């Protein structure tokens, strides 16, 4: 039963289950660095098919990286949880070849609602800050099959 | 001179110039339906490499579509303008094969700052609403070369 | 029964019921201009106890006006509905004596969730734009007593 | 000169200067607990003129408390800085008599733009989370006179 599971084991098992079918994150070349209960760290390197008309990484794709980190963090407790929405601020542009690291952490959980913060960095520089609102659907990520 | 240009001609010329180098929007299979001064309508069909671990379109990619529509709308007046950030709310999931349409329109411009609203629909249903904050950089999209 | 009520009658009856106990909106000197199903227009004049350390109307109070307009709009259908959160952008400062007008309108309703847009103006100028997220609690505003 | 000032002295001097004319925060019964470079903690107790039509503290006034904490934090470095906008999520209602504490901290500064997080609590419970976007105007808070 999920409720008896070790929290770290559960976080990693949920991430593995989600990752296996997360075609979008894979297609964008993301990889998971670390998942713990309530947190997730993912990376993505800016490819030449991620650059926009201003010659910098498309903001929507920086957001997609942050959104994936948010998704792994908010599903880490074992309950299927989806994004209700998010807010993102772009602080610095990212260029072709930059390796971006997104760190998501749980800020607050209350009932079925949660708020998660994600910071996207290139080395030490903050590229974007993201705040996601989550909504739990109540069913387990690891369903008995 | 840009300031003498017909606004509709300028909007379309800026879109063409931006689109030519917007590898990210092209790689995501987007296409431009229409651009006018302060507005842009783009479409994207959900492919199998856009689906996430919950079997629905990755929210970050819905946001990327909205963000592209926002970008074409806020650059339509001829001045290079970038996203400072945005807020998005997901109202309904999008599935594999869904054709999404994002309509962006200018809400307010004041000095170098602007606010744009984007609605993403599948047929008549609203999938997401997006509000973008823009910042003009002051130089022309169509530079003499 | 509420479900048989005329929508306009219901919107006005809900507003009257809410206003009677809305000490906060009254204390800030707000007044209701008009309420219809899904919309509300309120006004507030900037008093000397609403000015901040920069000599302009406190942004939190501009937000409070927008939030009240949002509340009357999202409760206009007869079901108790609360704010889950909001996003606001300040476009122009408001000064002592300015009469602010906030117009709220429903953007989308889906299940218990809704999104409402509010524009705050002084004459024709946009002072702030606000986007509110609502959550219905499911019980009637006009309870039989 | 401001640039030579001790950062903690400067933060307190700016807060004192701003507070002296911040009629709005005073009228709402706020008080400053502590200001340091990049942070500020303020409190406000929910009065009977702060309650809305649902019998709980008006969300706009919770936001006003957070916005004041944000203002003192983002002006603490000595440069006049205003709110460009903010995002707030309400996690729990606040009732008449509740003493709310808002803690603001700087998340990131880049050029004239900054992002600040504020958490509003009643005892240990999180009532609201707030993310503010600031814009520096470039002139000193403590002008020679």
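Points to keep in mind about this one:
When the chains are written out, they are named A, B, C and D in that same order, and each has its own residue count from 1.
Please note the rule applied: a residue touches a chain if its C-beta (ideal position, glycine included) is under 8 Å from a C-beta of that chain, and two chains touch if they have at least 3 such contacts.
Not measured: the values here are computed from a predicted model.
Distance from the centre of chain A peaks at C, each centre being the average of the chain's Cα atoms. Both chain A and chain D derive from one sequence, and where they touch, over half of the residue numbers involved are common to the two copies. Centroids built from CA atoms put chain B at 23 Å from chain A.
Rounded to whole angstrom, the centroid-to-centroid distance between chain A and chain C, based on C-alpha atoms, equals 34 Å. Annotation: 29 Å between the Cα-based centres of chain A and chain D.
With touch defined as above, residues shared between interfaces to two or more other chains in chain B number as follows: 84-85, 87, 89, 113, 133.
Of all residues in chain D, only 17-27, 48-55, 57-61, 63-68, 71, 75, 80, 82-90, 93 touch chain C in the complex they form.
Touching chain A in their complex are the following residues of chain C: 84-85, 87, 113, 133.
For chain C in complex with chain B, the residues that touch the partner chain are 87, 89, 91-92, 107-108, 110, 113, 115, 117, 119, 126, 129, 131, 133.
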